[in-house]
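In the two assemblies presented below, subunit A is common to both, partnered first by subunit B and then by subunit C.
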Partner chain A sequence: MVSILQSEWFKFRHSKIMFIILTVPIIGIFLGFTSRFSNEDFEINEWYLSLLSMNLTYALLFLPLITGVLASAICRYEHQAGGWKQLLALPVTRGRVFIAKYVLLIVLVLVMQVLFFVAVYIVGMIKGFTDPFPMVIVWKSLVGGWVATLPLIALQLWMSILFKSFAAPFAINVILTLPTILVVNSERFSSFYPWAQPFLMMYIGGETGDTFYVPWVQLLTVVGGSFILFFVGGYLYFQRKAV
Partner chain B sequence: MIGKLLRADFLKIKRKGLWFLSFLGPFGVIALQMVNYGVRKDYLLNQSDDDWGYFLEYVHSFTPLALVLGIAILTSFMASIENETNAWKQLISLPVSKMSVYLSKFMVLGSLLFVSSLLLGVFSLGYGILLNLGDQIPYLELLKYSFYPYLAALPILALQLWIASVSQNQGIPITTGVLGVIFAYSAFILPDWMIWKWPSLMNEWDEPLINVMLGIGVGTLLYIVGMLDFTRRDVK
Partner chain C sequence: MEYVVQTTNLSKRFGKESAVIGLDMKIRKGEIYGFLGPNGAGKTTTIRMLLGLMKASSGTIQIFEKDLNKEKINILKRVGSLVENPSYYPHLTAYENLEALRKILGVPKTRIHEVLEIVRLTEVANKKVKGFSLGMKQRLGIAASLLNSPELLILDEPTNGLDPSGIIEIRNLIKQLPAETGMTILISSHLLTEIDQMATTVGIVTKGKMIYQDSIESLRMYAQQKVLLKVSDSEQAWRSLLGNGIKADWEDGIILLSEHSDGKVAKAIHTLVHEGYSIYRVEEEKRSLEDIFLQMTTREKVI
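Right after this comes the complex of A and B.
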């Protein structure tokens, strides 16, 4: 298992995936400087408004879309010139290859989350925020957004193994992500829609009674349920895939 | 020559889902409004006296996003068709000029998006009539909301085709598309010179026609630059 992960990591280092991850701080800084709200009328911590407006676009559109691209990118080598055949001819099981790819993905997404909040911090520093940095809130939405993305990347990994091209899994991702813009307006529908969960988990204005910004029940059923569905689906598909 | 290339390119995209996606884009934009109006029709109709105008603006709030992402998907698909089977080499070795190969790709994509825009107009009209938005159907506005974003998005099409056709790794054009949609989503705070703002038809003079003119002008320019770069590169 460790050696499969090492080989995935090696392939990752020698591909151009780094530049995909570097778009995260770029978008973070862009969103920070085009912030929609102004602080002048409110008497609350300056970071809150910055976080509210930056998290909005980031979690609604950018995070679900870019993680899908990432999933396709880590399957790129295998799709070229019979890479699946070469990889699976090694003494490895298909299940482990799938899990190794998934583990690499979730680590990369966690790195992206950290980079995003580094961007938030840099924007705040440049703007000269003097209020204390709300560490607890940031941790909650960092980890929350990450957890909510786990089922989405499982589906994207499945789709990326299924299709050779980048465009096809991305098209599916777009079809599922764009409706979120409308769905989050409705409290009733948004709690059931997996693609709305990153936004809800990172929406710092939400309920704070539970550990995250969404209730545990919703987290376990919607995020957990869709995770099991997509992960098992992808896992079983990969077992049967003809290479 | 270009006629044969076009026929070949249209043949290549058969049964690959590109036509379906061109249909799905405008259908999805209207379907979102079906949900929106389905859930809260009475509220939305009370918001304004000009029900048609209000409806079209709602439709238009999704058009630029669908357009930017649609362009990224379609251009990348076009390039992958050649990339996946190393067909660029075979295509270029035919007695055709590289310029016409590039032009043919651009024209195919342009036609797909034209059909999408046309369908957007038809679907908007159809659902608007179904909603009983009034007998005064604003045909001119319908045409504007369907085709102005398309024309204003031509620079994005030219840019994406350029990136997709010279990239070995299709992750690059797709990532550009993701950045583009974030810009398009933040259109109202973008400066006027950013091409991703143009499909939203917003500008400081409040005159959508400027975006259309800029779109055609800059689109042509970017197309020429992309084509020249494509012809100078080695085909791997």
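Right after this comes the complex of A and C.
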């Protein structure tokens, strides 16, 4: 298992796609400076509004889209020139290959999350925020956003293995991500739509009674449920896939 | 008898189409097994099933006398393979391609240099595979298949797309492997001449069925030339040849001499002339392996 992960990391490390991750802090900084919120009228921590506006666009759009690109990227070089054939004819089980790819993805997304909040911090420093950095809030939305993305990554990996083309899984991802903008405006639907969860989990204005910004019930049923569905679906599909 | 590969009644269906039907393949240790058949005969499908890349619809596969379904990992540890078109990661160099595989196989790094040396790619080891010619990619594929020093090497059309010097190089390499390491090799091709020069045993498939499986020598027996005689009153002439102790067959008014050394032919003709038969024609019929192969694969039956 460890050896497969090492091999996956090696293949990824040498691909140019690695630079996609570096776009995250750039996007973050860009978002930070284009936000239209002004907190002159409010008597709250300066970081909050910055976080609110930056998290909004990032969690709604960029996070799910970039994870999709990453998923396609780590399957692309397998599709290109018979990589699957060669990989699966080695002494490996398909289950382990699937898990290794998934683990690589979620680690990358965690790195992305950290980079994003580094960007938030940089924006605040440049803007000259003097209020204390809200570590607890940032920590919650960093991990929360990551957890909420886990089911999406599972589906994106499934789709990336299924389709040989780079565009098809990306198109599916966009189609599923865009409705989020509408869905989050609805109290009723937003709790159930998996693609809305990263936003809700990173929405620092949400309920604070629970550990994260969404209730545990919702976290377990919607995020947990969709994770099991997508992960098991992709896992079983990969077991049967003829290469 | 110990078989390295043994399939029993192996079949694969794609919907209604049957790609492989009731295939019984037997490969002994140390053999170079030539797996022959026209394009689309089911060779690659069979090889994919042997490597567990594809599930068989029915039948069993035993490799190293172990069931592939039950001990896939243990089997694949001892197998090296090159399936159809060369497989590689275009964004990595030749060395990095092998390194990605080496990490999984767990062999020492020096082995990468060894296999690159074997296929003579050492000089381009640090170039991206994207820019390689087909022949170089194919050689890299062979290097990858040798990485774990396999006991069974499965090569699917390894000389496809290579130029003549590349073909000769690969052929010599393949020939020397079993002698040096006791490796068993399964090599598929649609070219009989290819297989003829390497294999010790041949299996011929067409339309998913194994129509011939025996040593290359037995196959060559069919290729032996015959001398045809067209004579007057041929049936009687044939009998008189037999009466004089000359081996011959009679078919559709033509006598076929099975012994075709100069002396034997001269003796036969002398006998016939002496007994007063008119000889119209003496012809030599050459049947190349290609002819036999074509005949087998088109007629779909064993000669």
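The definition used in the following text is that the second predicted complex is superposed on the first by the 243 of 243 C-alpha atoms of A that agree within 3 Å, B and C clash if a C-alpha of one lies under 4 Å from a C-alpha of the other, contacts with A are read in each partner's own complex, and residues count from 1 in each chain.
The definition used in the following text is that contacts are C-beta pairs under 8 Å (C-beta built on N, C-alpha and C of every residue); 3 or more make two chains touch, one makes a residue touch a chain.
What you see is a predicted model, and the numbers here were worked out from it, not measured in a lab.
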Considering only the touch criterion stated at the top, classify A:Ala242 as touching first (subunit B), second (subunit C), both, or neither. second
Check the residue A:Ile44 against both partner chains and state whether it touches subunit B (first), subunit C (second), both, or neither. neither
Just to be sure I read the superposition right, which of the two partners does A:Leu65 touch: subunit B = first, subunit C = second, or both, or neither? first
Which touches a greater number of subunit A residues, subunit B or subunit C? B
Quick one: is A:Ser7 in contact with subunit B, with subunit C, with both, or with neither? Answer first, second, both or neither. second
Would you sort A:Met135 into first (subunit B), second (subunit C), both or neither based on which partner it touches? neither
With both complexes overlaid on chain A, does A:Leu88 touch subunit B (first), subunit C (second), both or neither? second
Between subunit B (first) and subunit C (second), which does A:Ile181 come into contact with in this model arrangement: first, second, both, or neither? first
Would you check which partner chain A:Lys16 touches, where first means subunit B only, second means subunit C only, and both and neither mean what they say? both
Could you tell me which stretches of subunit A are touched by subunit B in one complex and by subunit C in the other? 15-16
Residue numbers of subunit B touching subunit A in their complex, please. 17, 21, 24, 28, 32, 35-36, 39, 62, 65-66, 69, 72-74, 76-77, 80, 84, 169-172, 174-175, 177-179, 181-182, 185-186, 189-190
Within the complex, subunit A is touched by subunit C residues 48, 51-55, 72-74, 76-77, 79, 81, 83-92, 96, 99-101, 103-106, 144
Subunit A to subunit B touching residues, read off their complex: 15-17, 19-20, 23, 26-27, 30-31, 34, 36, 57, 61-62, 65-66, 69, 72-73, 76, 164-168, 170-171, 174-175, 178-179, 181-182, 186
The subunit A residues in contact with subunit C across the complex are 3-4, 6-7, 10-11, 14-16, 77, 80-83, 85-93, 240, 242-243
